[in-house]
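Each chain carries a letter (A, B, C, D, E and F) given by its place in the written order, and its residues are counted from 1.
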Amino acid sequence: MRKIKIVKNYLPHAEGSCLFSMGETKVLCAASVEETVQPFVEKKGETHGWLTAEYAMLPRSCDIRGQRSKLSNGGRAQEISRLIGRALRASIDLSKLGKRTITIDCDVIRADGGTRTASINGGFIALVLALKTLKKKKLLKEIPIKNFIGAVSVGIYDKGKKVLDLSAKEDNNADVDMNVVMTDDGKFIEIQGTAEGETFSKKELDELLQMAAEGIKIINACQKKIVGKLD
Amino acid sequence: MRKIKIVKNYLPHAEGSCLFSMGETKVLCAASVEETVQPFVEKKGETHGWLTAEYAMLPRSCDIRGQRSKLSNGGRAQEISRLIGRALRASIDLSKLGKRTITIDCDVIRADGGTRTASINGGFIALVLALKTLKKKKLLKEIPIKNFIGAVSVGIYDKGKKVLDLSAKEDNNADVDMNVVMTDDGKFIEIQGTAEGETFSKKELDELLQMAAEGIKIINACQKKIVGKLD
Amino acid sequence: MRKIKIVKNYLPHAEGSCLFSMGETKVLCAASVEETVQPFVEKKGETHGWLTAEYAMLPRSCDIRGQRSKLSNGGRAQEISRLIGRALRASIDLSKLGKRTITIDCDVIRADGGTRTASINGGFIALVLALKTLKKKKLLKEIPIKNFIGAVSVGIYDKGKKVLDLSAKEDNNADVDMNVVMTDDGKFIEIQGTAEGETFSKKELDELLQMAAEGIKIINACQKKIVGKLD
Amino acid sequence: MRKIKIVKNYLPHAEGSCLFSMGETKVLCAASVEETVQPFVEKKGETHGWLTAEYAMLPRSCDIRGQRSKLSNGGRAQEISRLIGRALRASIDLSKLGKRTITIDCDVIRADGGTRTASINGGFIALVLALKTLKKKKLLKEIPIKNFIGAVSVGIYDKGKKVLDLSAKEDNNADVDMNVVMTDDGKFIEIQGTAEGETFSKKELDELLQMAAEGIKIINACQKKIVGKLD
Amino acid sequence: MRKIKIVKNYLPHAEGSCLFSMGETKVLCAASVEETVQPFVEKKGETHGWLTAEYAMLPRSCDIRGQRSKLSNGGRAQEISRLIGRALRASIDLSKLGKRTITIDCDVIRADGGTRTASINGGFIALVLALKTLKKKKLLKEIPIKNFIGAVSVGIYDKGKKVLDLSAKEDNNADVDMNVVMTDDGKFIEIQGTAEGETFSKKELDELLQMAAEGIKIINACQKKIVGKLD
Amino acid sequence: MRKIKIVKNYLPHAEGSCLFSMGETKVLCAASVEETVQPFVEKKGETHGWLTAEYAMLPRSCDIRGQRSKLSNGGRAQEISRLIGRALRASIDLSKLGKRTITIDCDVIRADGGTRTASINGGFIALVLALKTLKKKKLLKEIPIKNFIGAVSVGIYDKGKKVLDLSAKEDNNADVDMNVVMTDDGKFIEIQGTAEGETFSKKELDELLQMAAEGIKIINACQKKIVGKLD
């Protein structure tokens, strides 16, 4: 797994933020708190809140310059935004968040593979930091985090070679590409595995999930070190 | 698993089409062939083609009327369109398709859960029928299908009850929702599992995948009966 | 005139719906009821409601695949949506509908000429079925239908040949193309006649309108048989 | 009928233009010539050209300020743009226009009813002036106009009162609103009649068409005076 | 400086309007009053109003026909709309306008250079006329105009030749292009100077500003003559 | 003036890039080279190139989270993108760039006033670094930079207090806000001065321009140190 580097509170205005790097991949994650909820959340109950996410890449984060509107609103960006939102919502007890909406912005500064998993990992840190800010301001009595969560990519390339945390080069040549989101007690939140070139067997799936679980343990340790105690 | 019903060649104009029903869910799948490819495909080689998919729901396919533009172009629709395209591309040897693009349109007439898997199952039939049309017209020498593919949803709801092929009601209450795409020789093409409420363990994952594999076998049998011999 | 076929209540979720076929043309019509009105309707009075319509074609309903956004939101689609809405509003006493909005969705599954008139004919059935649903639920005391309405195309092609209910092939070669919407007591709601190639005289107009009136009588009879008694 | 006022060549840059007033309604019509055609025109033959139209209202042309994007691109604007294009195409022999596209822009400066018919009347003048410019520049050998065309609105309001060339006030209260486009030899190009409040009988239709024919004769006379000889 | 021509109250519906010409450039300016303000204005205080502007060019105002959407909503149009709004807001005491929003529409009928300055000059007249209408209707006690304002372009072209009020031809060849907005007591509201080809020195800037000041005095005199007394 | 900090080549993929900070304001500037030009550039001559710029703010760069589409495509963003492009084009001899297009992306990571001037300053560095890359790759014989350019904001606030390089707090309360772009030999490229609250006199303008000139000298010195020798 590539080296993890985290700069906490990179954005002074945001309730929580970090610059999360995994190798050459660098994602700026910001949590913004708004003291309102949309109608569909209001129906869930008095103390219910919501969390949503937006993922975008900067035009020159990649080898070739991309079109701004496509990078932030195209099909791929929307698919990843929805994944990040789902994953982070699984980490928090929304019924204890209060009538507020947290938006997690994940802007990819540099892309070298694994931008969606880096976004989840960094987004989770931004979320926890924002919740700590809310607690400090006495807007929350306790931090409503159910579990730490982490995400990592695993894959198979070069006729059977299994790899954890793929770089862009490895990803582009992968036969199987899988993103795994797990809790720190080893349960699954999301598994997205795709056969890009070759299909994969149950045995290969099992090995990939094992590698992912080990990688996520390391990520969770880094996250815990950065955010500190939750109470 | 709910009852499968397939009406072949439902659209007289399309090169291949079917109306695919799975219980109350009804998806109209059409394969359209265009004798050009986009520049990124041209680079892959002289005989290379491409396949793309578009998924949309009709406004009143659901309980509550939806907005037309959102149902055909919103984040969810784009995510599912991409999934269908990826899955079907894994079933075909694009290097033998020739310089042509096949578009699979999946329009949900009625929605009662499992619309994305029904789209993949029906879309595959429309694809094979279109390839047979091309062969009949002597535009293809052989049908470039590598494997039959099928898709099904599996999930956990009501505190641990595992279920194959979820209806809308089961899906809305599911703790875990998983869509699985497999080949007819038991290999995986795509696994997308999401913990909506409760996280899930490796043991539960294994059971769900086993159920999916059995369901997909039945689907493949139906598909083979409908499309007939490939040579 | 081509053969009419109507499948009542095709969509279980909609308050009223039908699959309306006229020859090879097939339109899915759904009426959705919402218990609110827009501000401009509110000004009309306490018991006033509104009716609006949306027309779209599925991508492969025609010979050549069309672009989804253009087929549902382009100039032609908007023009036809407005025509359907105007025609159906003329059949109903909106001042007795109550503070609610009915949306008629007309989705063309297969197109072989006359999709807009088929949409009006099928849309009217969906509307009446929805009103009957409202009466059954005791939300309406009586069905506020003023008149049955029907629509049909007439035209001139092949140097003077007059024809009722044009197919796509006839329509594409027509010199004059006219759509007529009438009540079941022989009054006009809408006349839209266009000289595509050759202009037309008053005498020709009179003959076309006579043909249309006869066709609409047959359509009204079919509609009445399907929807049954209104009280 | 209200007073007609025409200012010829109002826009120095356009190949043909006029400011056309009918009572308080004022429309600026401009014909722009481009020496290319779209692919679908190219298929029609070597010497074929095309004509298209765009209709828009200025934000404060009406009593209440309208939204710019809706006034130039909404459903109503698109419907009228299509009507103007169809009507003007019927006046010209496109097979003798040469490989060029003429765009007729009709911008409503002031709106007091009859903006679409004023657009057709003024647009026709702009078209003829542009063709004369092309002939002067030796780009055309002869002016390919088949017929002069004119358009006028007729309607019924106040329980049966028939009226020619409705003002905005009359139009808003009309039970029947009809737009008629005719050639100068008394043939029809387009009839669009709508029952807004009350349906109308064949007898009423006949009377309205008679009134329209008389009004269009006056309009054609004005047009001929302004554009001068065609050879 | 080119000849100024102003037609007052050109649009009967608008609260204030004028057709402002400067040489061949012709801009239709309309002020529309709406008795509401947006939330960000409400926060400024009970009696606070707002002014906003929209600038657009008609498709054939220029030598070459432009695309409608780009001409009214592209980057250039938005930049100029913002400039006009800022300039006009500097002329009025918004805290005395009352809870209302004035929209100034500037539609360029003919463009021969200086359309943005003509828009400011004509827009100011439309604004004052609208305020006089409000006072006449007793909606305002006094006209809240702080200063008359005027705008003019100055530039350098042909290797050092300085020019006031550039025509399109001069503007296209200009090395330096500057738009200046001033009050009638000689203070600056906006200076926008751009070196298109050659950079410019402080001495050249001083000379250009002096020329602009003299031009604006003439414009202010015309405006005062047209709008008459403010009390 | 606030402290300047520049991280060179922040983005490994871009031909030239830097992270430019001025106090708390932080802008990521990237220059991307594409070996094609648009048709309007081709007309300028064989060896002509073009430069364009795009400015956007990240959603949480400010105190309050902004909407992504508005921050990158709204009126303000487009106005600033155009300013940056104009300014940078004035620094380069486009006729010696060759048939290529350079796009300068300026993404505001943190905003504390002066984001457009920081974008110009950092964008210029990215541009020079990209040109050096092109020279290194033997795609250019010499660096076609005509002059170093720099930009700074100056303003008046708190009843007459003049200030160089305004922070967000100063900017929000400014009566006059001016952005000045100059060459390193003291000539002007762009002056944009706006009276937000109070108008300003010629004397005040002169003082502000003097302050700006001094600030830009410091900026030019920093730029020269970072990019090194041009030959």
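Everything that follows uses one rule, which is that a residue touches a chain if its C-beta (ideal position, glycine included) is under 8 Å from a C-beta of that chain, and two chains touch if they have at least 3 such contacts.
Predicted model, so just to flag it, every value in this text is computed and none were measured.
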Chains touching both chain A and chain E, listed by label | F
Give me the fewest steps it takes to get from chain B to chain F if each step has to go to a chain it touches.
-> 2
Distance from the CA centroid of chain D to that of chain E, rounded to the nearest Å?
-> 33
Centre-to-centre distance between chain F and chain E (centres being mean Cα positions), rounded to whole Å | 28
Measuring from the mean C-alpha position of chain A to the mean C-alpha position of chain D, what distance in angstrom results?
-> 58
For chain B and chain D, let me know how many angstrom lie between their CA-based centres, rounded off.
-> 50
Chain B: which residues touch two or more other chains?
-> none
What kind of graph do the touching chains make: line, ring, star, complete, other?
-> ring
Inside the complex, what are the residues of chain D that reach chain E?
-> 11-14, 17, 24, 28, 30, 32, 34, 54, 56, 58-63, 65, 68-69, 72-73, 103, 105, 107, 109-110
For the chain D and chain C complex, residues of the former touching the latter = 74-76, 78-79, 81-82, 86, 90, 147, 178, 183, 186-196, 199-202, 205, 209
